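Both complexes shown next keep chain A, but they swap its partner, so chain B is in the first and chain C is in the second.
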Partner chain A sequence: MTYQIEKSKISGFVLVALLLLCWEIGCRTSWIDSNFLPPVSLIGLAIIQLVASMEIVEQVLITLRRVLVGYALGATVGYVLGFVCGYLPRVYHLLEVTIEWLRPMPSVALIPIGILFLGLGDSLNIFVIAWACSWPVFVNTMDGVRCTDQVLLNTGRTFGFDAWAVVRKIIVPSSLPYVFSGLRISLGIAIAVGVITEMVASGAGLGAFILNTSLSFRVPEMYAGIFTVGLFGYALNKIFLFVEGKTLRWQKGFLAQAK
Partner chain B sequence: MISVLKVLNLSKEYRKNCRNCVLAVNDISFEAYQGEFISIVGPSGCGKTTLLMCIAGLIKPSAGRVLVDGDIVNGPPRQMVMIFQNYVNSLFPWRTVLGNILFALENRSIPHRKQLEIADEFLKRLGLGDFAVHYPWELSGGMQQRVAIARGLAYGSEVILMDEPFASVDAQTRADLEDFLLSVWNTYVKTILFVTHDIDEAIYLSDRVIVLSQRPSRMLADITVNLNRPRDQIKTKGDKDFIQIRNRIYEMIRSR
Partner chain C sequence: MILKKSEGFLFFLILAFFWEVISRAQLISPLYFPPVSKIAVILYHLTLSGALPGEVLKSFTRMGGGYVMAILVMVPLGILMGISRHWYHFFEPLVELLRPIPPPAIVPVAMLFLGIGNMMKVFVVFFACSFPILINTIDGVRSVHPVLIDTARSFGLGRYRLVQKIIVPAATPQIMSGLRTSLPISLIVTILAEMIGSVDGIGHYILKMQRSFDIPEMYAGIVMLGIVGYWLNKIFIKLDRSILAWHAGWRSAGK
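And then the complex of A and B:
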């Protein structure tokens, strides 16, 4: 089993290498216009130079900080709000109209308002990211809390636990798988929204770097920036999956039994 | 004989709206004495579970009262604990077997070390000693139900309520669990109220069998079972009296 997974992973990397090779050949044979899509080797070189000069490292750190702070803020707000709305249907009924009106609003549409209140810079970025991240966590947490098994809740009650203890000992852990799927969706959103906001309204960060290099026609550097964003997302997702796997080890086994 | 549990004129009506009322339990009264094993049988869907949930204080009856040790039940009392039919959903999948049993003790003001000692004792007595650090979903159905029973016993309440606890295991495991339950009941001398739809199981286990009718369930009979203990799956079930009681109950349920 493990062997098969390892094998499919290796062929996955081989596929990536092949695609890059085709790209390189396409450029070298002038089949692709190298002015707009430079060969991979040139982009690789640009990445090395940008890392050596620390130029891109700086931008990555700026974006990373904004994404993490915004993500943490948004996820926390979404979790608390989702938990309260899931646990207390009355609160949800009270807030439902407001929430369902605000939720579909594209977060980037808030950038102009953000600029008015927060100016251009970190707080604008963090605000927009947090806004966008809060919704998936909100919805999933609410569902998770609502879906807590009635038998588990009754078990808590028959063993004499009060409502607060039932929340802590039963509802919080049993809703965790839902919360994590919300967190995972939000992580992708955080990176995308972060980069877009940097492109639209900020002088710094990976998004701004990509836009600026494009406008000043530093094409290999632009691609280097885009590659870096991809890598950035890949790395954050890997870390996330690692944490999720550790926390929800029980869920896998439990689901396997139910089948 | 000391009376521990009194059920007085208990009724439960489920009300969806004004027109749509379902009477699940209709005016049931009985009394349970210390150390008794009482089964409640009835056709499926007759409101046995509803009755048990009312007694456990998990749902509010529409009329009537439940008293345990003379106190009126208003919510789950300390003196009673319920063991559910569905062990898959009543054990916490994020807790180990040990953790699940500790759950029963966490509400009491005993130091953690003492809690571990008690949990350990129950694990050993119930033959789960080797599985303390396993998760429930790593065990077989019969083992999982044993964990649920161990947890219920560890809570240390006087009355144990069981809602068809062996309904979802195979026949062999079921027979084993029945004998197992009788042996732990003997050591701890708890009062057990056991709901089942299986007439043989009810007679085999009990001192008394309460027979319920179709919904809205009324009490049809309260039958005393005077079969010798310890009971034996083959000998007891072949006993003349056993067969006679079984036929009586079957006729009662069929004719209504």
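And then the complex of A and C:
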């Protein structure tokens, strides 16, 4: 059985390797137009050169800074707003119409407004990322706060917790898993929206790099840029999962105990 | 409840009123920040003249094309990968390789191969929607309760019937949640593709108005987009409820 699983696992990597090989051969024998799809080896070479000349490292750092600042800002606003709306239903009812109208607004549509008020710099990127990131965190935090176990709340009150202690010791920790699932969704959004904003309105960053290399027909560099963005997203996601695992470790034990 | 709802509307109106006052008092340059009334009038005219609905319709055709294509390809693939370990391992590395790429990064590649026509947008939407749908379908198929499968087997259901009668229905809630996730993504990606490489569509319209400093028109386009996004979500929820009506009944019966 284990042998079989091992074998079938290999098949996937064989598929990828075969596709890469076909790609390379297809380009070399000019079955594929290498103006549009240069051979893998050339792209690999472009990556090495771009890293060696620090050209792409600079762009990564620019994008990273924008994504992190925008993410932190959006997550904070979303968390606070979500917490207040979850804890005080009256506030939510007051804001509901406004929020439900703003929430489905595609973040891309805000870029033109952002350009008017903030110009083309970092602040535009950060603003759009923060806007897009805040919604999933908001919705999940609100749900998490609302779903706090009534038994826990009553127990806390029985033991004489005041409102502040109930919030701090019961509602905040018990809503944390929800918050994290919102944070995870937002991270992917932050990266995508960061790239989008850089493409539409910015001279720098990975998104701009990909678009510029594409428009100036530096095709291998463009693919190198796309590869880098993929790696970038992958790495951030891995880091996030690591942090989440550390933070929510108590919850796993808690769930296991409950079983 | 009705009172609370009207309170929300009141709050919304107060915000709009503040906007109007700030703009009329020229606290912020009215060039960037035209009064709401002006935006509303322009929105009304653009809607009546068919200019905005036309652009929206174009965008929607592209979005719908990519979205439907992603469903048609990824749901069957997800079912296959969920049922069979072999197929799962066969496709998994490829999926894991492509999945972390943010969809907007695909736009320039699509532009190289497909130009700036409809196909480019359809492809980009397809790519962007594929992974949420695929992952959710796989998860849904895998989390079908084993008792259901064993029961079906002991009643002598064949492999094909098992998939058709048990696995697909049981995985539907999760598949629908994948479809729900990819709906706003498809809208965003369509607009982005239209902003970067297009000659029409609502995304192109908004950016064009901003660049030519027709600011009220720009806001009208954005408001229109907000309304459309809102209704899209509403319609989806309706559809979701009617498809999963049995599921809600089933769950409440189980309680």
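Here, the second predicted complex is superposed on the first by the 230 of 259 C-alpha atoms of A that agree within 3 Å, B and C clash if a C-alpha of one lies under 4 Å from a C-alpha of the other, contacts with A are read in each partner's own complex, and residues count from 1 in each chain.
Simple rule for what comes next: a residue touches a chain if its C-beta (ideal position, glycine included) is under 8 Å from a C-beta of that chain, and two chains touch if they have at least 3 such contacts.
This is a predicted model, so every value here is computed, not measured.
Shared-chain residue A:208: touches no atom of chain B or chain C.
Of the two partner chains, chain C is the only one that A:96 touches; chain B does not reach it.
When the two structures are aligned on the shared chain, A:183 is found in touch with neither chain B nor chain C.
Comparing chain C and chain B on the residues of chain A they touch gives the larger count to C. By the touch criterion stated above, A:200 is placed in contact with chain C alone, chain B being left untouched. By the touch criterion defined above, A:151 reaches chain B but does not reach chain C. When the two complexes are overlaid on their common chain A, residue A:192 makes contact with chain C while staying clear of chain B. Contacts of A:250 after superposition on the shared chain: chain B is touched, whereas chain C is not. When the shared chain is aligned, no partner comes close enough to touch A:47: not chain B, not chain C. Comparing the two interfaces of chain A, the one with chain B and the one with chain C have no residue in common.
Contact residues of chain C toward chain A in the complex are 4-5, 7-9, 11-12, 15, 32, 85-86, 89-94, 97-98, 100-109, 111-113, 184, 187-188, 191-192, 195-196, 203, 206-207, 209-210, 215, 218-219, 221-222, 225-226, 229-230, 232-233. Contacts from chain A toward chain C in the complex involve residues 5, 8-13, 15-16, 19, 36, 93-98, 100-102, 104-113, 115-117, 188, 191-192, 195-196, 199-200, 206-207, 210-211, 213-215, 219, 222-223, 225-226, 229-231, 233-234, 237.
In the complex of the two chains, the chain A residues touching chain B come out as 149, 151-152, 154-155, 157-161, 165, 169-170, 173-174, 176, 250-251, 253-254, 256-258. Listed in rising order, the residues of chain B touching chain A in the complex are 53, 56, 58, 75-76, 78, 80-82, 84, 86, 88-90, 92-94, 103-104, 106-107, 135, 137-138, 155.
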